[in-house]
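Pasting the structures here.
In the two assemblies presented below, chain A is common to both, partnered first by chain B and then by chain C.
For the complex of A and B:
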């Protein structure tokens, strides 16, 4: 056994150039698998987090019907005691959220009006940290309005100016009110900047004549993937409300996650096939070159399965060294890109797809294991063929071959 | 129709300013504006008016029949050109509906459309629907006088209340002593002129002196304007309350 290992190791370095080339191929293969998966995971992670912070939360509670028709008629009372008890120690926010129209002297645009409790939104949605000009709202009674930068541009208005916000009340009558722009927020995507306007929740409730009712309640849990338990409890306390997780509220985010995961698998497969061909070719070459040698071994009494073992050990060494180098390369890549990959040059296209232009790579332990195991396992499987070929030589023919 | 604003708060603000600021909100100015609006709307009216919409490459004229009652009700019906005949707009209590015979439907103008142009003109739906906006949402200050054809003209600055649903920074009015509005100019919040309505011709018609030709023009577009020419008018007429109903909007009976 020990002898086999030594033989395999020495054989490997008979032709250093050939061995290095296949090593580089394996290393680049594993590197591309891991970096690609880190890149895509990073993109996915960010997309999901962005979606959640775009006023989705981990779990959203609405009045029945609101999700189909987000109007004031589908509003609900503030959370009752039982619900509050469950919400205790969780990050949550109650909002008024209705379609509205904002007008300046020169433009009128359709927007989504969000009446928020400014303190509640901290840590729950992006808005608390997104105001770059002026100030954030102070409290639910704040009479100011916060607009997105792009919206401000389109409306040709500015900080400190007045705009008029209009919507409809329960009886479908137009309600309007003037607001002074107290803050301008920036977002990664222009859509968000033109879609949302923020006012104090009480002011919105008064304007819409909806008493203390709210349109939605969003909450964050510790782990976005383990919500089932909490969801069941919430549904049990408030059976008459529509309580859903982010996967239902933002199905696109979930679909994107699935698509990306499928894509990763295909990528793994393609890379593996490329590596496997290289590996099989290299080993076959090595076996053919050593026809005489292998014939001699057999003549001297080496058993066929030892020959298989020798070839497999060669293959294992190749794979192992390649994987170590590849993993190191990935690690270096991750360190180099720790600040995030800047795609702002192509940002327009990214923003259209709702993705951010700065991507942070995220590498999962499970991704590393999958990729490495896949290559080692399938690589050894592929090397069985050259190994089997090596055992098929008839010693006399092999030795006499020149 | 309940507009969202606080009369009492506004009153408090106004009265507190009144105490400290001599130029603010003189009652004379408000009275003049109110009188001018009352004079223009009367308690009821019927008129036939031509509306000319002028753009760089085209111009079109429509003949409209207009009934009004008080400040809150009006019905406008197109009688010419033939292809637009029967299109009508009803406004009642700041709400607005249009009827189009081609699709045989009444459409309530939603909040989102109220700032859009009314029938392609330079007037917004809001301006057509809300006659007394100037009284309801602004404080008025008399800032000067001039003379026009021997009569005093009051120049009044109207500034919207802080939380009023008004986008303008200010509106300047020139109202003649006989309560004819000569000019109404709309400024944005940087005091830049946005649009301007001028009275081009004043005549006796329907038993009193009225502005028979008025023109609305956007500031940056010199060759785009809308002209309103009053052809005939009667004031203080007997107008049935059934005039201003959705059924009459669809099936004219008067």
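For the complex of A and C:
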């Protein structure tokens, strides 16, 4: 074994230029796999986090029928003590969420009315940090309204002005209430700014005459991977409620994640094919150039499987060095892009896809392991062909070849 | 017949090569017995079949017809792996073009076969250094082939061939690339090995010097044995 390792290592450096070229190819290959993975993973994470913070949460609880017809008739009571026990130590918020119209003196727009508990939302959704003009709501009794910047523009209203919010109560009668604009929020995507308006929850409940009922309850878990377990517990506690994870509430986000993961797989495959061709070519060249030497090994009594072992060790060294360099390059890339990659020049396109134009790269340990194991495993597999070719020589022909 | 006395036995041995539709006979009906401790030289003009015969005896090539055995083992019946094993434990090779492993030092080249045989590193090192000293290469153990002269390289090849005390050493034109003085020194060395260690040597050569050293001269012509003389 030691002999094979020594031979493989020294043979590797007999042609330093060729070895360096394939090493660079492998390093760039793994770097591109990991960097692309980190970029796409970053976009995915950001999209999922944005989706979750856009009033979805990790898990949403609704009255049955609400998701199909989100009206006041499909509201539910405040969480009972069993549910509250499960929600203990979780970040959660109860909301009123119904379709509504908002009117200024010039325009009327269809919106989603969100009656929120401002303190609860601070840790759960983006709105507390998104108010850039005016102020955030103080409490559930706050009589002000917060509008998105784009909506303010379309309504041709502004901070301090009054708007009228209208919706339907349980009797299908139109109920209206006037609000003064106390805050304007900005969002990464325009449709969020035009879709949501925010008022204090108690004020919304009074306006809609729904007593203390709510439309939804959203919660965040500490670990996204434990959602299924939590979901089962919640469903067991409240079997009469519709309790779903973000994947069900926001299917588009789940589809985007699946598409990205599919793209990553294709990218891995393409990069690997390029590396495999380079690797097999290099090893075949090495085997052909050393035909006489391999003939000599055979003449001296080296068994075929040892010759295979030597070629595979050579391949393993090439792959291992290339991977170390490639991983280091990725690490440097992650450090250099820690502040995020700014794609604001293409912001409109990103917004259309529901993505932020500032991407933070995210690299999972599982991605690193997958890419490295894929290259090592399949690389060695690809090297079997040149290794097998090396064992097919007839010693007397190989040793006399010039 | 005591097979142990005849390390190499060939019976009706034939080898032919196919060139397109034409069959070219390289060896025809060779019958031969090599005695233990022999110092045999195959000579003859180019194409007479001497190297082919040496390759068949060394298990580097397979015969087209007939039988060939080494230490009572039929080489013509063996598979690749068994032949490799036989070469590893019973045969030493010295080739015309030195054929050392360029990435290994002189000592590592000598240790190579012992390493394949599974000897531990301490024993390998002791034996390799001793044999290099015996062939006059003391102090050059760490040099790689590229840093040695032709004669020195051929002596390393000889050291590698004899270090694990094989039954048989096959040397194909061992002096072809050496000047006369170096060739003389090498032949003296091989002769001494034969005399002192009783190793059986088979040479193929054009070189008169090698023929002069041999105890038995077998002349080949057109793939057949023309004469077999003990000197």
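Just so it is clear, the second predicted complex is superposed on the first by the 402 of 402 C-alpha atoms of A that agree within 3 Å, B and C clash if a C-alpha of one lies under 4 Å from a C-alpha of the other, contacts with A are read in each partner's own complex, and residues count from 1 in each chain.
Following the convention adopted for this analysis, contacts are C-beta pairs under 8 Å (C-beta built on N, C-alpha and C of every residue); 3 or more make two chains touch, one makes a residue touch a chain.
Nothing here was measured: the structure is a model prediction, and the numbers come from that model.
Colleague: After the alignment on chain A, I want to confirm one thing: do chain B and chain C clash, or do they fit together?
Modeller: By the criteria stated at the top, chain C and chain B fit after superposition, with no clash.
Colleague: Can A:11 be said to touch chain B (first), chain C (second), both, or neither?
Modeller: After superposing on A, A:11 lies in contact with chain C but is clear of chain B.
Colleague: Between chain B and chain C, whom does A:163 touch in the aligned arrangement: first, second, both, or neither?
Modeller: Touch status of A:163: first partner only.
Colleague: In the superposed arrangement, does A:180 touch chain B (first), chain C (second), both or neither?
Modeller: Only chain B is touched by A:180; chain C is not.
Colleague: Have a look at where A:108 lands relative to chain B and chain C in the superposition and call it first, second, both or neither.
Modeller: first
Colleague: How wide is the angle at chain A between chain B and chain C, using CA centres, rounded to the nearest 10°?
Modeller: 160
Colleague: Taking the superposition on A as described, I'd like to know which of chain B and chain C A:202 touches: first, second, both or neither.
Modeller: Neither chain B nor chain C is touched by A:202.
Colleague: A:143 in the overlay: touching chain B, chain C, both, or neither? Say first, second, both or neither.
Modeller: first
Colleague: Quote the smallest CA-to-CA distance from chain B to chain C in the superposed model, rounded to whole Å.
Modeller: It comes out at 85 Å between the closest C-alpha atoms.
Colleague: Would you mind listing the overlap between the chain B footprint and the chain C footprint on chain A?
Modeller: No residue sits in both footprints.
Colleague: In the complex of these two chains, what residues of chain A are touching chain C?
Modeller: Interface residues on chain A, with respect to chain C: 2-3, 6-7, 10-11, 14, 292-293, 296-304, 306, 394-396, 399.
Colleague: Inside the complex, what are the residues of chain C that reach chain A?
Modeller: 55, 58, 60-61, 80-81, 84-89, 93, 95, 99, 101-104, 108, 112-113, 115-117, 160
Colleague: Considering the complex alone, what residue numbers of chain B touch chain A?
Modeller: On the chain B side, the touching residues are 1-5, 94-95, 108, 110-112, 114-116, 160-169, 186, 188-189, 194.
Colleague: Mind pulling up the chain A residues that touch chain B in the complex?
Modeller: Touch residues, chain A against chain B: 100-101, 103-106, 108, 110, 143, 157, 161-169, 172-180, 206-207, 209.
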